[in-house]
Amino acid sequence: MSTTRPERTLREQWRNGDTTIGGWLAIPSTVLAETTARAGFDYVCVDTQHGAIEYSDAVGLIQAILLGGSTPIVRVPWNEPGVIGKMLDAGALGVIVPMVNTVAQAEAVVQAARYAPAGARSYGPTVVGMRRTDYVDWAADNIAVIPMIETGEALENLDDILAVDGIDAIYVGPADLSLSLGLAPGNNDDEPVFAQAYTAIVEACRRAGVVAGCHATGALAPRRTAAGFRMVTATTDLVAARIGLKSELDRARGGVGPDGDDAIY
Amino acid sequence: MSTTRPERTLREQWRNGDTTIGGWLAIPSTVLAETTARAGFDYVCVDTQHGAIEYSDAVGLIQAILLGGSTPIVRVPWNEPGVIGKMLDAGALGVIVPMVNTVAQAEAVVQAARYAPAGARSYGPTVVGMRRTDYVDWAADNIAVIPMIETGEALENLDDILAVDGIDAIYVGPADLSLSLGLAPGNNDDEPVFAQAYTAIVEACRRAGVVAGCHATGALAPRRTAAGFRMVTATTDLVAARIGLKSELDRARGGVGPDGDDAIY
Amino acid sequence: MSTTRPERTLREQWRNGDTTIGGWLAIPSTVLAETTARAGFDYVCVDTQHGAIEYSDAVGLIQAILLGGSTPIVRVPWNEPGVIGKMLDAGALGVIVPMVNTVAQAEAVVQAARYAPAGARSYGPTVVGMRRTDYVDWAADNIAVIPMIETGEALENLDDILAVDGIDAIYVGPADLSLSLGLAPGNNDDEPVFAQAYTAIVEACRRAGVVAGCHATGALAPRRTAAGFRMVTATTDLVAARIGLKSELDRARGGVGPDGDDAIY
Amino acid sequence: MSTTRPERTLREQWRNGDTTIGGWLAIPSTVLAETTARAGFDYVCVDTQHGAIEYSDAVGLIQAILLGGSTPIVRVPWNEPGVIGKMLDAGALGVIVPMVNTVAQAEAVVQAARYAPAGARSYGPTVVGMRRTDYVDWAADNIAVIPMIETGEALENLDDILAVDGIDAIYVGPADLSLSLGLAPGNNDDEPVFAQAYTAIVEACRRAGVVAGCHATGALAPRRTAAGFRMVTATTDLVAARIGLKSELDRARGGVGPDGDDAIY
Amino acid sequence: MSTTRPERTLREQWRNGDTTIGGWLAIPSTVLAETTARAGFDYVCVDTQHGAIEYSDAVGLIQAILLGGSTPIVRVPWNEPGVIGKMLDAGALGVIVPMVNTVAQAEAVVQAARYAPAGARSYGPTVVGMRRTDYVDWAADNIAVIPMIETGEALENLDDILAVDGIDAIYVGPADLSLSLGLAPGNNDDEPVFAQAYTAIVEACRRAGVVAGCHATGALAPRRTAAGFRMVTATTDLVAARIGLKSELDRARGGVGPDGDDAIY
Amino acid sequence: MSTTRPERTLREQWRNGDTTIGGWLAIPSTVLAETTARAGFDYVCVDTQHGAIEYSDAVGLIQAILLGGSTPIVRVPWNEPGVIGKMLDAGALGVIVPMVNTVAQAEAVVQAARYAPAGARSYGPTVVGMRRTDYVDWAADNIAVIPMIETGEALENLDDILAVDGIDAIYVGPADLSLSLGLAPGNNDDEPVFAQAYTAIVEACRRAGVVAGCHATGALAPRRTAAGFRMVTATTDLVAARIGLKSELDRARGGVGPDGDDAIY
């Protein structure tokens, strides 16, 4: 029924200079996906790497995100052309690819995600093709190709990776980056090596004209956007559910007292 | 895989005088179900009436709730013996049955949910039977039979319904009760006809030795338990996710400014 | 992602005097459902009676039909309040109910499909409620309640059935009607008893101000609309696939010759 | 019930000199799969590259194709030994592997699809093994190994690829071949570079004793078989459904008139 | 792919005087279903009452049973026309209906399972219809209608139930019959009331010309067939798996010694 | 609900010197999985290589195995980091990786399965993380990394493979090993080349302090444990079901006589 937000892809928004805030799906429920989309995120990412989701779920989740008025993108499990192609055919309007540490890996992402001559994506837009007749040309301007920068090795190769033709944005995974840098997984802003990496990434992206993106939280997102990240994921369906379950249960238990003993009763 | 909460059924808890706080599932995800159970609810109800869930989902959801250390119960779509039997065979340790307005309907619930001679439940505990060898006897003492009281007609017949042998608790649906009373669907505590109905239900349950239960929210739950309800549902997976999605997005947008324009950037 | 057709429910179209042409789903594929919707049908019916589809499929199929820009309705397996409520909660904007032969059965349909005071539908629009905030009021004006007229008994009770408050349309099943009249299942326009029944149905609907609907084919549809039917189903996904598979295979075999022997080769 | 077509694998048919016409599945429906098989295609290919299908669907689709009396084959998403093995274990009697551009890639296909000593397929015919006790020996003579030739690079390496021991047929993807040759995706018979490639492929296959296959349409199939292709896919379930949906809706609208205005009514 | 057993329905076998031995499915796996069918049972019953199976599973299970060369039948959850029709449409060649205790209930079974004029089954053989073009006539001679006799009330009404036109066989559920007779659920041959009931059932069936069927075990089956039962279920997929799991684990542990301590090692 | 076996991971058991006996899943049924776990196996392996199972099934199967009181591990389809990570995130407590023939392949397994600095597993324990808060540290001590040794090439490289840091056990696939050695697939203990390979593997494992594991049967398991294998799989769900189906059908047919003719009747 009503979808008030005008249809825009991430690349359209980035061309307009927008900073985009995203939701994230770890659960294969088309109802929860539509709910997440309707919450008002600029994009909703179907996570088939660390989420409990795989390809056959993604087809319907992408439909639900579109119906909910947001932009569907997908994180693939690994840098493999088969699954990148399947997700784009299913209607993902962007693809996040984990663990891109070298120029060769970045070039492989572009090869898998772009049609010739820019790449070598196999043609067969079975699902997405029914949504527009000009898909091949439109894809060249709208499909977002987003490798992840999440290791020390990637940091070393960053400028070269960003120079690979066909990359629209990069996406930082703070937990893997932390592990790679010898820290506990998480957002380690207090650790200089982590903070410096984030600064270096934003600066390199600015120089290269590539959008900087990262995984964050609702609380962290303003800090990230202030630092120059223009693609910031604020939460996931599962994290959001945990937040809500805990707060509602805490409120409910508040009147019950310890050990289920209700003093008022 | 620690499960610190000792295993207890609702009827065990009620026999101990406990007030029980519940979670509710509208989404068919075994990951979200285990998450909800681990949040610490006394019971988690698989809602196959208004939730986007059906029997084949329920089998795995019940497994996930048990693994998460909570007590699985099911709300069936309607007062039909086939589906009541299927859910109990799948391992539901209680069954909430909607729209029980007459003594005959209440008796039908008991017939479907209890083995002879107490009822006429068909024998075939295919799934649940592997979890204990004494299931038939154990079921007589532990399966919770819970008709819903949610219409004016049910209120009129309340004492007679509560007198039907084999009913352990009743469960009030505030939205349907409100509609039936000519109010908007919701918790209409400010409306005397609604508030009086709630009071009457608790008092009738006390007289009959039947547990009073109701659908609530985290905020309302202390009021309900204070009023004498001993089975109170605080939230659902979907409501909880909406709460978390909204709060996280609001926090994220807080630093972005109106219309995606980031003044700080 | 373009949806050029303005959003309209069947009841809106009928109020405008439109004749509506429908598609029908027998296969639980959200891709095929979106394809069917995008083909341009005014409504697409998810058939959970004779289609190979059940509730858990319907949730996603309804999303796909909405995304494809058509109006989703559902045929339930039988006149049971549980499943009627589940399908409406899932977002069906109309419900076709088979084998409604008596006034009591017609009243039961209305009770299951409309909220109090018009009926007794249980409140819990878990899925559909996220699509609009005014659902209860909107539903009263937009949910189409459509019993099937498909037996001799129903024909005898037709005027009384049509007089039941809350019925928007009736839907004729030609195969069951034929069987009930002693004919082979199908569209038996050449049989006077069948043709007279169709005429009688349209006339009775006109008198009662109820829309006449029926199951047809692409070839038959113009005849039905000319006769006064304003809700006419033209084909199903499975029938359409058979038509296409046969025609394409015939064309392919055309050059191959009999028995796989290719004379041209 | 009745399966009149004698059981034959593609390799049996090719040994007999037959030209084989195929159907193609993009939708994971076992009902549609059986329907496609019963339409009379020599083979039905489960497309897990560009179809909306994955492994868990394929198991049942292969059963349905066998029940329908046709020969099930699978197109895998990419040239990976894991998925090739899984599909053969599930009962695929042939495997189409996309984007085989070099001898090394062709050898990898054979390694994944044939048991030692011809290859290195891992043993574990969990599903297919129950259908015959002599599976290992039978597979050597009946499993069809079919790399795709669909790039300029593959054309350059064609004779060497065809010389790889263990390849039974090759399959041309006209859309990817066109993209690789700088054309729009499709059957570009009017473009000399495309037409010459098709001719070269058939001739190279003849020289090498390998069957030439290609993706076509019902209308194009006679032209392809006349040119020497002996494995020609005529249509897909989804294309066929679109053909049927459009033709039936057009026929239905024929009597309704433009804009839903029915002049006859 | 060989299916050596000639295709026969239960009614064909019964007309030939055969005693039929059946398998039973409690698990929704098409691989296990085909395995069960290939084991050599005359029929395989998809149990949607006490099995962990529902309609959407049944469609594929029936295909798998047919592929495996056995006769698929279904036990529905309850005596409801909607689900009986859905299962027959999906290709069940017989339907077992639980808890038929009265003539009216037996007549309802026939109404739901047979087309007019014998009954009132709704026409729409979406799946099964593709397997034969003469389905309506063929169904009259081949669909087996099998109410369950499993209560004392049913025993009292047995002759009248057996006299209902359109019933081909009855099926005894020993567990429910035992519960109804005041015994523990099971095969209570040593209890006179149980043994007499079995004898009475066989004799009543003989008088009425109706096949007597019952649920048994491999060990009990010879006793039941000797007593005159001509439709005897020997085991289920889940029971069979438990037997095999236990025996293989016992054999494996045999060499390991108690408590995981390996004396031989 | 009772789980009497104390919770232990394979590595805990191996540290205690235990020999572990396992079950194996080829069927994606959470009911059968829980049944297998409750049968008493030390571990239950979800086979996504040769079993009819994939990732989305594995999430629920792991929950069911945990609920049943056994240790869930997964065999992945191939040595790919994406799927190894997904299975560990889903809660697999060990991972069996097929066809590890070289040191480089063994190192890749460790990289995919262990967090930095021991490896490069990507962080995101979406499912498993809710079961313990100390997952990263705990994983280092408890996740079992188990490459398969199943070719002649692997035998040649065995000592070097076993020396790769981070490998806890190896697992022998007798069928692939046999094929690779020029034998028919199976347990070829009578063939010296096979028997010598088994002896060599156990000895090499002892030298390296790595647990030797292998696929066996109930009958073979004592021989394998006696030979020094400390991780021995005794059977699979599907094999067990076949054993049970055959034995029960044989017993049932025993009293029926040949050709369905019952001499006793």
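As written, the chains take the letters A, B, C, D, E and F, and residue 1 is the first residue of each chain.
In this text, a contact is a pair of C-beta atoms (placed from the backbone, for glycine too) under 8 Å apart; a residue touches a chain by one contact, two chains touch by 3 or more.
Predicted model only: the values in this text are computed from it and were never measured.
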Which chains are in contact with both chain B and chain E? C, F
Chains contacting each of chain A and chain E, listed by label: B, C, D, F
When contacts are scored as defined above, which chain pair ends up with more C-beta pairs, B-F or C-D? C-D
Identify, among B-F, A-D or A-C, the interface equivalent of B-E, where equivalent means over half of the contact pairs coincide by residue number. A-D
Distance between the CA centroids of chain B and chain C (whole Å) is 34
Listed in rising order, chain D residues that touch 2 or more other chains are 26, 28, 31, 35, 52, 54, 56, 59, 80, 83, 126-127, 238
Chain pairs that touch, all of them, please. A-B, A-C, A-D, A-F, B-C, B-E, B-F, C-D, C-E, D-E, D-F, E-F
Which positions of chain F touch chain D when the two form their complex? 26, 28, 47, 49-54, 56-57, 76-78, 80, 83, 98-99, 150-151, 173, 175-176, 179-180, 182, 184-185, 238
Enumerate the contact residues on chain B facing chain A in the complex. 13, 18-21, 23, 26-29, 31-32, 35-36, 39-42, 52, 216-219, 221-223, 225-226, 228, 232, 234-235, 237-256, 260, 262, 264-265
Chain E-facing residues of chain B, complex: 54-56, 59, 80-83, 85-86, 89-90, 115-117, 120, 122-127, 136
Where on chain C is chain A touching in the complex? 1-2, 7, 30-31, 34-35, 38, 59-60, 63-64, 66-67, 126-127, 130-132
